[in-house]
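The data blocks that follow each hold one structure.
The following pair of complexes shares a single chain, chain A, combined with chain B in the former and chain C in the latter.
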Partner chain A sequence: MTDTKDTQTSGLGFMGQRVQRVEDDRLLVGKGEFVADVLPEGVLHAAFLRSPFPHATINSINVTAAARLPGVHKVFTGAELNAITNPFLPMFMADGVYTPLYKCMSDEKVRHVGDLVALVVAESRYVAEDALELIEIDYTELTPVGTIDQALEPNREQLWEKADGNVLGNLSDSFGPVDQVFSRADHVITRTFECPRQTNQPMETRGTVVKVDKATGHLEIHNTSQAPHALKWALAAMLTDEGGIKNFGKFVRNADRRQAFTAAAKDFLSKNKESLKAQDNAGQVSQLKKDKSLLKHQGKMAMGLLASTDYPTVKAGDIGGAFGSKGPITREDVAVAAAAKKLGKSVQWIEDRVENLMDGGQAREEQFTISMAVDSDGTLRGMKVDFVLDQGAYPGFPISSLIIPLLWKLYMPGPYNIEAFELNGQIVATNKGRVVPYRGPWANETWLRERMLDVVARELNITPADLRAKNVMREGSMPDAFITGPTIDETMSVAKTFDRALEMIDFDQLEEDKAAAEAKGHRLGLGIASYHEAAPGPPNFFSSAQPGSDMLLSEDGRAEIQADGRIVMYTSQSPHGQSHETTYKQVAADEFGVPLEDVEIVWGDTDRTQFSFLGTGGSRGGPLGAGVMRMTARELRRQVTDVAADMLEAASSDIEIIDGNIHVAGVPAKGITYADVAAKVATDKRTTSGPVFTEQMQYDGVGNGGWSVATHVAWVDIDLETGLVEIPRYLVVEDCGPIINPGVVDGQIRGGVAQGVGAVFYERHHYDEQANLLSTTYMDYLVPTAMEIPHIDIEHMETLTDGENDARGTGEGGMIGAPAALTNAVSDALGVEVYEQYLPPYRILELAGVIDR
Partner chain B sequence: MKNPPFNYHRPATVAEALDLLAKHGDDAKVLAGGQSLLPVMALRLGQPEHLIDISAIDELKAISVNDGVTIGAMVRHAEAEKSAEVKQHAPLVAAALPHVGHRAIRNRGTVVGSIAHADAAAEMPAVCLATEATMTIASTDGARTVAAADFFEGFFSTALAPHELLSHVHFPAANATTGTAVVEVSRRHGDYAMCGLACSIDAGGGTISSAALAFFGVAGTAVRVADAEASLIGKPPTADAFAAAADIVKATLDPSDDIHATAAYRKHIAATLTRRGLAEATSTIGVPA
Partner chain C sequence: MSLPSVNAPIGQTLPISVTINETAHSLDIEPRRSLADVIREDVGLTGTHLGCEHGVCGACTILVDGEPSRACLMLGVHADGAEITTIEGLAEPDGTKHPIQEAMKQAMSFQCAFCSPGFLMSTVALLRDNPNPTEAEIREELSGNLCRCTGYTSIVEGVETAVTLLGSSALGSTGDQATGGVA
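Up next is the complex of A and B:
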């Protein structure tokens, strides 16, 4: 299909090949090792007592009967676990934002259905759940906050004492001459949009198994974490009940830790000199004004970190999906680890689906009012957006929902030329589950903008395609940067995908199909949506959102050749369905010139991999994770080549490596192997085991680029008698640079689009007005199945830049584009504007005027 | 989501099962395919002290032909779905089976279990009403039969007493001039229907002589709409007649709102399904099974 292809792939070896996933042999026959498969000898099982009320105070708790049940080892009240743990502190702070401090359990007040009240540890999960029924709690119900409107009502009950009016953040920023642009434009068109709550629903729920070493007390924690290092670090800080000078004394006496800490601090300071200089402390000041106890708690956590002579080890094995929900460190992680540490016994907690629906991670309940300033000829001039984001009860840790509006600030004007942009809004607390990043956490900026572009086009009586064509940034006349800050380069050519998509739509056929649909009582419509995403973005991307956050834009990695010649690559990513093992083997095998099976990929074990705050997240696995694999492999190959050149009595520049055969170019018969070279070095070093070559480095990207771009086109066919929607065709034209493995990229795109189809037609996480959760099982939270997902045509455009590792992230895009394309298509089909994202069959018929609302 | 403790019994005969039911009555539940009961227990919405598993009772595993079809309490949906006898003698049952859950559910779940569970959104209770099936209810007091119309009493409740076992359901034979259809609208393939219809129409000689319209998912039990059925009698099976019946259905049903559908939507699709179901049923008249 790529007849206009003006792109290139590496064209060598495994890169760009549709290599079969190496993970599947293990996973498809039940040989994966998921967290529930980890059963240390004598492991106990934990179950949480969760609040049945959305908002209540706890008057008393009686665990006597539960503790007496045979098979129960211990019933922890919230207060007991809180006494031995430190609180969750705000990490990302911004001016005008207040992040309440909270602990791992709720001991005085519950703030959502499913809030954590007590923890039973028993010989089996069955017994633990039996014991939960014996715990007696006396609650006094408080007025719940069930909706955004309720949260903002004057004098409404507050979730958090210091969050006045349930507002946790006021954000406001503007770019360009907003007032001037809006006063001079021919038209200002304003609309209000809303997206209801969704939940990330990975196939595997959360889980943690805390193994306690009886001799040393060391914790080895197997967890479904996307970010094992962040979990290790957080648990080291939170699992201490001591504080202050005592801890500092312990730290000072421990020479190893002191030296390691000092070295790390120096390294951090030298690497982040520039971004630290740019950092302002307005966020800290703003937080401190609200909560004076912040400093004391920060001190306790710092002391915990310093004094933890024995940091836990965290291991993440096979993980059955996350979509962002397993990046945050959760209260359950801390509570279960604290319980195991206290008991000195290994404990397993596996979240069940009901728990997962209550608090495994929720997303996207957002309201927007958008104004677009536009001239009569369709020239887009400016955009103003007011938003309210419903974050639920407890802010996510370490990255709260604050990150979402910060990213909106950068993304919202999209790939269009625009003179001015303003964003104002609030984050509110309600009595609902926790908001977490969900695949393209900022995605509603694309939904809002692209839906609004269609509204504006109809108001101006031009086609949505023409309006986009007129305003999209084009190569040749692209500015150096978005008005919101981030640098632009040729990787941000949405126009290329948009033009190609238009070529692939047969508009004459569309009119025929529309007429044919109408003849049988159906309506057919087409919707287009375009977007760009930082994957991982230019160097100034994160600092454009928040000064000082540049460090998120790098990845550490290590490569080793063992004494026996084995090649081992260590990644700080935590794969959970993205095929890292396959693609990283492809990248490394190409660099080393060896077969795939000669490369081993190690991940998930904090004792073996290097620190990473994010783990897997933010579309960084291709550009940064694979990038550091490539660069470390390249350096090791160079070292191996030098030794081999000596052994072969040739110049390094004459050495070739093909299929593991290291030889002088043109003389493959006289080759040697990695094992031969490793053996030589091992002999020289008088060693027989361990690595003989090692290279570790920090890799920070691809120069000024790092954008992934795409245009989605959806066709929908609506049965006006039932409101059921078919998707006869779905097209994605995307550019994520040179593709490592097209099978993997296609899978990411299809999975993302599937979740977009879910968001629009099936998935709504329903809370009632009293904040009771209604969608508590899969009978009511409807995840689309293979039956509901259409065939998806994918057109790749692989723009190559001059970067060293041009592969760009593509995991989130499918979900970013799909809701916009689908709702635009519904709007086109029905001839009415759609201002909401969730369109179940009854709503389709209401919009069509077939039934009354 | 782990079930509470229970005592497990696995009788080999109906007589043993009935003794156990007589003994434990209120505290016992009969376990057949477990596709509804076990999730209810896992969610701790139900905590029976005794489970009486009837899966070892051979006498409940038969499908027999007797002026229609009699289905025993341990016949799984998948077995009934594959049965030529069911297809030939109880075509409405056969038409409903592919709509029941997903294949994995049909592999374990039983036809009679679904009827005893009496979920108002399930297909089988509506099929019983439309075909005027007869329930055979056994207990240590002896067996009794109850007409489908008297069996379903309300939301998940039936004429079964705690010590009784719904051992068999008899679906009467259909005329050669009768057509049948089961149509429904669900959110996703395999979900409970927001509204569904099990219908039959006898239109021998070009005139409708009888019709049955049993809706599910729109009330506390499956419901027939007698006025709509009566409106069809004596008319030719045409789109106009079906549309008139659909209007009556829409005016008669009084469904409620839930998170999947509004009442207005359910009434609308009930009317749509009336037209579609009757047309489909008519098209099956005289087509060999």
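Up next is the complex of A and C:
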């Protein structure tokens, strides 16, 4: 193992420091630029008419009165916008799964409360909303599908006519000798668990501002997107409105485009040879069995992309949080862009909070039946899980909720030695809002497993801590890979965090505290949960989920030194609270040996940054985004050093750079600057502006990629009179490798735990059995306040590897561990098993036997 | 504060005079426009944010005649004659941050910071009325502001840092002075 400090070259050592955020210099004085702040001269405002019914057919729509309202520029019916846009296609398919195609608006049938029916563009949002009230629609209501059980009824009304009932996917996989393990184990313990719907709820809602260049028709789109490049390409494809053949002709006649395409295609094929070879077409076969139109639409959009010479520019400025919800490309993004393009005028759409609660992103409504095979001495042998996932009405794009069970498949057995694992389940459609990734989208595997471990421990009459200690993978006896495929290295250090957590619990004190609580009519309990997450994970992580699915995952980086010596680093990440600007400056400044202010970080503008399919997501900003910063910076520094060595008449190996002073080691007084070196190169190249050094590269992470791991411990104090729960202590022992900025890492962990506290005690996105949404305001959906979130103790363990950029992601973990630790603590406090994730006061009192169910 | 009729027909405007961050504005506004929209769109001060537009999240908090108020729940016409302070009014004209802004930066209080204008304005009022709050008082006073990113601890620490900065600044730590003259 190497101490990463060795690889730092600046002499300034920003890495690992609690550097205050440069973002705050604009954000804290009201000078940020969020999407709602983008108000170009003459911009029009859009508002959507949304369905009040969960499930209905549209018989007729009359917009005459609305269109006549003064100030209204245009009322678009769903059919009008659908006629000028292409559908959302499945991009990620799997055997046994059908993904319905859909358009940006609903013109025949609505499938959830809040479904998009018409779009008004007017001079102000006030007028646009007035116009919505004048639109007349005649609906015929259909039987809604409001629950998972209803979705599984064989003769229920279908959301999607080509599906099998309301089941969109059947998935099943197994690892190891499942039958043998289950027949031989001393005990098989089976339980059923359920998690209700949650929603991400960033404080800033979604929004898009489409600026139309009057002269060229070019679209510049300001959007709250976690993945601006994906949005750009999706919009380019979905707004293509000419027929395939005509577009193909255009492409053939354009020699430059043709050559550029051929070169890009060759490059792509050679870079992804292995992944492409590994892909089977079972997913596509499953899809085409249900709906062949995929091919036709793919062809048309591909031709449109080839023929087009002008793709939209997407810009993501400051973004007010997302937690996964702003990664997917949404129907509103497409509809507003199509409307602006059609009108030739700039249009702003800002989602309101009620809309955000209806369809801004929902998550985690899942049911599980889990069986654990275990021996009497507590040795875990095998695990079988059946699941049903409620994906809502419209599949997420470009990645649907299919990704969740694929990740469950890899993660569910957890950091424990186990011989066999089987996962079977179904994805169902219901008349509810869209499921999106929500901070650790797969997190319920940890909740399920860790809750079940406590159940098993109690059945076997051993402590939850002892059961975990007996089965957790430990250094020395660790297998090379999980039975589900992904390889394991020293970063899979769950046991270290677990052992440390146990050291930090005073079990004697706990018994005293429990007694004291009981004396005042309270109950106190403690819960433990451990997990590992791929952040970024080993190279075979995604291919273990589905062969060939590891394409498009590496991170591209680019760096420049301008003729005047300015250092400019480009990232394809799209920050929305993670402090990328600060941490990337730390990493790059260390490499270059300059102060933070000498490095400029550029993000969010698709004209300036390099392509990325994912943008910011998947806890990749530290390992991959910062990694490619480091590597490109290092290469540029090497180039600068060579030139400086010439200028200083020394060997490159003798050059040192400290605080921007480039000098021969030991003689800083005779140093030169980046500006001097850049000026020299500029003179040699006979140029005065633009970049004089550039570097681009692709980066897949170091070595084995690495796991981010943690053990959470929650203490809860329950008031049996009110059912209110306090959290007197919460401890996270985590290992994300070397920390770039502890202030940022701690913030990510605390924020994640806070959302876990919300999920367990306060937040439920409540649809009734008829699929009517009941939590449509913040009076009904309770985001926790400073009164509810406890102080969170964080203990860092920094397992280092030989890698150069060894940082592992930490954005999602807080939310992965917290629901498990908290529900385990409640169970311990009340002495009853807990099989659901949402425990509001009335439910606590029911579980405690204080009130009847 | 006089309350003009808000029943004027759509499209008709009413004149108001309002002082925002010590600058006087005479505006003609539609009576139904929210104060938040007036400040953001008509005056162009977009630092005040809208998180919920129904009075719960606190992102739109501003000071109206010194009192923290939700700009999404007020109509622009209700601000006729009022003195308003927004986030843009906290820093010195030369850009020097207000001690509370500086403290929140030092404490690394925020992440996306979409919620920050509301927290900062609430904190100005909190520390003016109670220059030395306990942690429990801080949490209680700020419970009308939602933050989805931070889990609040860093914000509470920011307020505590602000107490120190204000206490050690030349402004002293009492009354109006504690806010650097704001409100």
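The rule is short, and it goes like this: the second predicted complex is superposed on the first by the 838 of 853 C-alpha atoms of A that agree within 3 Å, B and C clash if a C-alpha of one lies under 4 Å from a C-alpha of the other, contacts with A are read in each partner's own complex, and residues count from 1 in each chain.
The rule is short, and it goes like this: contacts are C-beta pairs under 8 Å (C-beta built on N, C-alpha and C of every residue); 3 or more make two chains touch, one makes a residue touch a chain.
Computed from a prediction, not measured in an experiment: that's the story for all the values here.
Greater residue coverage of chain A by touch, when chain B is weighed against chain C, goes to C.
In the superposed pair of complexes, A:130 makes contact with chain B and with chain C alike. In the superposition on chain A, A:777 makes contact with both chain B and chain C. Judged by the touch definition given at the top, the superposed model places A:785 against both chain B and chain C. In the superposition on chain A, A:353 makes contact with both chain B and chain C. With both structures placed on the common chain, the touch criterion links A:526 to neither chain B nor chain C. Once the two complexes are laid over each other on the shared chain, residue contacts for A:204 go to chain C alone; chain B is not touched. When the shared chain is aligned, no partner comes close enough to touch A:75: not chain B, not chain C. Applying the stated contact rule after C-alpha superposition, one finds that A:323 touches chain C and leaves chain B untouched. In the three-chain superposition model, chain A touches both chain B and chain C at residues 126, 130, 352-353, 777, 779, 785, 787.
Looking at the complex, you find that chain C touches chain A at residues 10-11, 30, 32-33, 40-41, 45-54, 56-57, 59, 86-88, 90-91, 95, 97, 101, 104-106, 108, 110-117, 120, 138-140, 142-156.
Note for the complex: chain B touches chain A at residues 1-5, 39, 43-44, 185, 187-192, 194, 259-262, 264-265, 268-269, 272, 276. Of all residues in chain A, only 125-126, 129-130, 133, 352-354, 721-724, 762, 764, 766, 774-775, 777, 779-780, 782, 784-785, 787-788, 840-842, 845-846, 850-853 touch chain B in the complex they form.
Touching chain C in their complex are the following residues of chain A: 18, 20-21, 23-25, 27-34, 36-37, 39, 70-71, 126, 130, 201-205, 318-321, 323, 352-353, 576-579, 743-744, 746-748, 750-751, 753-755, 777-779, 783, 785-787, 789, 791-792.
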